[in-house]
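Contents: one structure, followed by commentary.
The letters A, B, C and D name the chains in turn, as written, and every chain counts its residues from 1.
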Amino acid sequence: MSELVNRGVLRLEWARAHMPVLAVVRKGLVESGALKGVKIGMALHTEAKTGVLALTLKEAGAKVRLASCNPQSTDDSVAAALNERFGLETHAKKWETTDQYYENLNRILDLEPDLVIDDGADLIHLLHTKRTDLLRSVRGGNEETTTGIVRLRAMEKEGKLAFPVVDVNDAKMKHLFDNRYGTGQSTMDGILTATNLLVAGKTFVVAGYGWCGRGIASRAHGLGANVVVTEIDPVKAIEATMDGFRVMPMAEAVTVADFIVSATGMKDVVREDHLRAIKDGCVLANAGHFDNEISKVDLERLGKKRRVREFVDEYAMKGGKKVYLLAEGRLVNLAAGQGHPAEIMDMSFSIQALSADFLARQAESLGKRVVAVPEEIDDRVARLKLETMSVSIDTLTPEQRRYGETWLEGT
Amino acid sequence: MSELVNRGVLRLEWARAHMPVLAVVRKGLVESGALKGVKIGMALHTEAKTGVLALTLKEAGAKVRLASCNPQSTDDSVAAALNERFGLETHAKKWETTDQYYENLNRILDLEPDLVIDDGADLIHLLHTKRTDLLRSVRGGNEETTTGIVRLRAMEKEGKLAFPVVDVNDAKMKHLFDNRYGTGQSTMDGILTATNLLVAGKTFVVAGYGWCGRGIASRAHGLGANVVVTEIDPVKAIEATMDGFRVMPMAEAVTVADFIVSATGMKDVVREDHLRAIKDGCVLANAGHFDNEISKVDLERLGKKRRVREFVDEYAMKGGKKVYLLAEGRLVNLAAGQGHPAEIMDMSFSIQALSADFLARQAESLGKRVVAVPEEIDDRVARLKLETMSVSIDTLTPEQRRYGETWLEGT
Amino acid sequence: MSELVNRGVLRLEWARAHMPVLAVVRKGLVESGALKGVKIGMALHTEAKTGVLALTLKEAGAKVRLASCNPQSTDDSVAAALNERFGLETHAKKWETTDQYYENLNRILDLEPDLVIDDGADLIHLLHTKRTDLLRSVRGGNEETTTGIVRLRAMEKEGKLAFPVVDVNDAKMKHLFDNRYGTGQSTMDGILTATNLLVAGKTFVVAGYGWCGRGIASRAHGLGANVVVTEIDPVKAIEATMDGFRVMPMAEAVTVADFIVSATGMKDVVREDHLRAIKDGCVLANAGHFDNEISKVDLERLGKKRRVREFVDEYAMKGGKKVYLLAEGRLVNLAAGQGHPAEIMDMSFSIQALSADFLARQAESLGKRVVAVPEEIDDRVARLKLETMSVSIDTLTPEQRRYGETWLEGT
Amino acid sequence: MSELVNRGVLRLEWARAHMPVLAVVRKGLVESGALKGVKIGMALHTEAKTGVLALTLKEAGAKVRLASCNPQSTDDSVAAALNERFGLETHAKKWETTDQYYENLNRILDLEPDLVIDDGADLIHLLHTKRTDLLRSVRGGNEETTTGIVRLRAMEKEGKLAFPVVDVNDAKMKHLFDNRYGTGQSTMDGILTATNLLVAGKTFVVAGYGWCGRGIASRAHGLGANVVVTEIDPVKAIEATMDGFRVMPMAEAVTVADFIVSATGMKDVVREDHLRAIKDGCVLANAGHFDNEISKVDLERLGKKRRVREFVDEYAMKGGKKVYLLAEGRLVNLAAGQGHPAEIMDMSFSIQALSADFLARQAESLGKRVVAVPEEIDDRVARLKLETMSVSIDTLTPEQRRYGETWLEGT
């Protein structure tokens, strides 16, 4: 056990060393004291970077409990280190069953949190369905994924949302970097680790050309793949085309695909009719929040399953074709890879920490709705990041500033 | 003369052949009749694609006059063809002086237009300062540049705007494509035509990482340059860094620059102190709307000017350094190149034509403010474009559509 | 006329200012005197950079005559300036007929040259067929294209070659840069100038994945195209695939092509059966030496020809399809564009000048065969270029040098 | 143990499924019988793809023993599976000491091999120094790395080489793909696995712009890095510059480097003076054959070592700077990653297998020297690969073939 703890401690240390913005934020939070005694229930991917965020909140005086927001995304060494070395109550285990998963979320809620920090909105959903008794005491929450925000907006629209939730995902310093450069790199990392297959010269299909999909397409292209994009939005489809990629319906894409990665937030993106037409040997992976983008139900109906590598299940279909599903269709970057680089999470989690501070100060004034991250927080994280990257930029001269405000000067 | 007219006719025909979306839009406008008899004053870059837009509006029944929105951006053959072959009154000449430029704008206004279509807002500015007598009869306008919108919002803020102006620039089908892929390609085209210099292996500085700057950076990189970005916005600076470019202040960038292209909408982006430190032989070009991004006043104070190629002025500075300014600091893609490809303007000008139709129908209900392009217009142009590109995309199944609206399904 | 001369003078000056390696070489040649009085007949593309080479040889004391190696590649202003301002006898005219072309080559040979400098081997071929009387006095030649070298090796193989020819093309400092980065950029420049069409989002077919084809593919990709490669060599086909491009036979490629550029050195790369299946609106261009890569005979049989832009001929085929041939199928980068950037020709022409010097010194010792450029010349040009680019590199330590020569050190 | 064996079996099966060319080759070798009874001693990286090669030779009738050519590159599960499931004698262990390493090489030689297959030339070196008694019976060998070939040519030059060695590395189907696309992807894979750090936006220094260095530079760039190249060859330095990278001496590069990867075949590429000037936090990795490219001696003299992650050693230097060495400076792609993708090794190992067959047939006729892979072998592997990739290419028409051989047709 101690070896596991030690590995976790080193991973936390490594992540912390590459999260300099959060270090500055931490210092500010400790000094301000706004989080002192605040009970925070967190359901995020329990790995090193999340551990650094949880410890940051703890150091700022909060009482923190942590579970995973996905049954496959836990780094057991980090969970062990948090529990045993840092006394931060963590309920998460890699490959936990769905029952264990929900049991762990319930343990978090047993804390009777003032604030919740969620990823995918399962925790908040649980609060609003089976743990409604606790709703009264929750002052607010953060949510950091596109998927979660879609669910929360639907709740808000139906008047079901019981407290304000800060939309961390839409902070510029989150989605512009985490979803694009983070998901891009870590998805490829997960695929390479799982398969050790060549990307160069392969046809690589990306479903969805949102920020995540763009990141993945860019990195697959950067590894030499011929990238194909599928979309439902014509504007994004034209953008993908002009970025040099081919765009086609999934029904056509499957016939040429060596890899298919889904990043849509939608279910059944790859389903029975696609699987029947799919190219032999195709590798399927999911980069969206839930494990329903590639239909496992359909896969299991059509093919005989066999584990052929640690994160690879082969489905042998009638007629002899085989396809390979990575990480049981769960987030491939976290289940098979090591998740986003710390330098990316440095930005996302600085937004998280400052948004928690923001909620602690003024949740009551925000209303029961999805709330944008205040611009000052976004801007502060941007400036801190730039500084830690040792990059300098220009500032307007007074004369330029004046010019920017006038409409009188023209040709 | 007739040879000039013939060339213009061919150029209009070539452009028209590559603007299939506008062809569909044209057919609709002709059938609807909403523009019948409407007087439209246009100040856009008078070249082939603009000619096709102007003729589109004319064919839809409008009475149209056209001038240029920039003294260097006229294609004289197109102006001649419009005037002499198509009977569309055009007042524009390449290399016209500033006086002639404003005289031409005044000729447009003499039409007493119901609608104005502007680029950079000089025409609308003229209306609001020297031709206020006409303000009463103008029902609305379109504006298609970032620069113009900044000016118009300043006017709106001061309560000075006398009619609604549709912000064509912010339509997705305009700025996502025109500013990025259009400006990107045509700026490089202008630079290659003007200089015939190698881009590969050169240090290429792009000032501003907005949509235009991104497009230019991407294309310069695509031609083998080592790209450096300057910015004033920390978020964009971090994006540029993560896109693989170096970011630094202009004062440092000038010391390594072989090319500097400005695309900021701000004045004096390259100015005296920069010019004193600049690398010998550096080529300066502007891709922003006005010719004040690179300070010509400062250049002329510091260097002796000599025209060394058709679109290249050498400034020989004390101490022996030489720098080269392209196209007198005017929009290099239009002054030295042939402007945006027709396929790009097909989208932008379909938005223009449909926005004019929208104004003709309901300008009075919009208020004296900057108005967004209706989403239906954006969406229609997107779907038409996709169709003409023969690209097919997916549509949600009913089951997927239902899923997208619920918040109940989770892990 | 004087305006033409002035333009030519400025173009020569501009090119000269961007050819710093040739400047150093020139100084050495002038000092050495080895070319003094040597009669040199040149058949190269008569434009600015070639002019600088010709003047370099003249300044080194040679008696030089220049014609073009392609009827479409002359810059008339440069020819005028060479003749009238610099007294360098030049026989070349843009759009000259094939008869005039050969007449001009004959004028060059009337000089009774000691050395010939050729591009495509038409001049050397003429010497070996119709002007055999002069063969005795020719001491040697240079040839700078893949096409020419293929012809010369065939002559050598048949024992027909009458003097040594230096294979300038295979110098590393020539083909690695001229064929790849030079052809890549200037081909795209020619296409943009001729068509003003969008490259982003288009399917761009490159025939041939040699150095030229790679350069073109890379630049088309850099402008946002989806690139398809056709090849006859399986190794190159696999390389193209792993570079992320699709590879397919031409018969299939024509059905998806928006642009086709041929760079193979082979004839009839696009021919009747391809033209029958081609995508409507496809643009055809040639980047190979001769105008037979795209079969004009077949085009003219199948389509009705009409000039629609300065460098664009439309062929309207039965059934309504149209295709567009650029620059009459001649080298598009020289006929429609401005040829290679001066910085590229700085390397190629430094190799040319030093090879001429090498021949002048020791042609007699080389035998009647195709001769490689001496390694010292290649190396010298490389080091000079690096220096003029202000790039520094590492050198081995004595200890490292020793290590590089041993086989005893292992794991 | 059995779990280890099972994992190895699955890995071998996975690799085999992605090596279709080798499958065709295998069938041919089995049928021909030329390897029947031939004793083959192999020293290659003992992982799944190598296992498939070794089993291929065994299935063709050879008696095979296998050891690793690098103390860190063994996959213990594959070694176990080969020994226990397939009865192929394998002597290799991950993290073996140098003594164990040489002991294992000696076990291979105890077989008294007819042929040896080497990587880095340690095995052949051992034969020529401590096991010279066996030299008489060795008929020939294969060597597959640049490093090994350099050593063997030095031996040949000194007249020390006792048998012919086929230079597998210089087969087109090997170095063009293995060194470039293989090393490129697997090096990045190793770095991501070892560090989980962000590549986008980082300054990534590649030492050496040979085929391996180019592959690494291309992939690092593809992941969003700003790439810097160091070189000793001016031609390669200019190529790197024109590919858009910055080139500078290592002494300067270390001051801006976030990552440094060495791929030179030279020792002490990063050494004391560089380490003193290096940027804090820099990650050092080696992609060259031996672990002496980054001086561990100097690192250990200057810094205090601590293992901070599985494949990461921190060196804390005086003054507070830390640098991180991956995989003890051994081949990062094999030590921390999973080595080249099977699809790449499919080509390299088909060349290996056919070269062994070639040696078995006619070693005696080749002389005691480094011998090129016969062109037919290269060509056969290329055509087979293309076929298994389902890529079709063009073939010359008879008319084109004739044209390619003539020199008479010109302008």
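Note that in this section a residue touches a chain if its C-beta (ideal position, glycine included) is under 8 Å from a C-beta of that chain, and two chains touch if they have at least 3 such contacts.
Everything quoted here is computed from the prediction, not taken from an experiment.
Chemist: Hey, how far apart are subunit B and subunit D in touch steps, shortest way?
Modeler: Graph distance in the chain contact network comes out at 1.
Chemist: Would you kindly give the rotation angle relating subunit A to subunit B, two copies of one sequence, based on a CA superposition and rounded to a multiple of 5 degrees?
Modeler: Going from subunit A to subunit B via C-alpha fit gives 180 degrees.
Chemist: Where centres are the averaged C-alpha coordinates, which chain has the largest centre distance to subunit B?
Modeler: Following the centroid criterion, the farthest chain would be D.
Chemist: Subunit B-subunit C contact: same residues or different, taking over half shared as same?
Modeler: Here the answer is same, because the shared fraction of interface numbers exceeds one half.
Chemist: Nearest whole angstrom, what separates the Cα centre of subunit C from the Cα centre of subunit D?
Modeler: Centre separation, subunit C to subunit D: 37 Å.
Chemist: With chain centres taken as the means of their Cα atoms, state the distance from subunit A to subunit C in Å.
Modeler: Those two chain centres are 52 Å apart.
Chemist: What are the residue numbers in subunit B that touch two or more other chains?
Modeler: 181, 200-201, 221, 224, 238, 241-242, 389
Chemist: How is the touch graph of the chains shaped: line, ring, star, complete or other?
Modeler: Complete.
Chemist: Show me the residue ranges of subunit B that touch subunit D in the complex, using the header's touch definition.
Modeler: 200-201, 221, 224-227, 238, 241-246
Chemist: With touch defined as at the start, can you tell me which subunit A residues reach subunit D in the complex?
Modeler: Counting only subunit A, the residues touching subunit D are 10-11, 13-14, 17-18, 181-182, 184-185, 188-189, 192-193, 196-201, 218-219, 221-224, 281, 308-309, 312, 337-339, 341-344, 389.
Chemist: Within their complex, state which residues of subunit A touch subunit B.
Modeler: Interface residues on the subunit A side: 69-71, 98, 101-102, 120-122, 125, 150-152, 154-155, 158, 160, 172-173, 176-177, 181, 230-235, 237-239, 241-242, 247-250, 252, 266-268, 290-292, 378-379, 382-383, 385-386, 389, 391-397, 399-400, 403-411.
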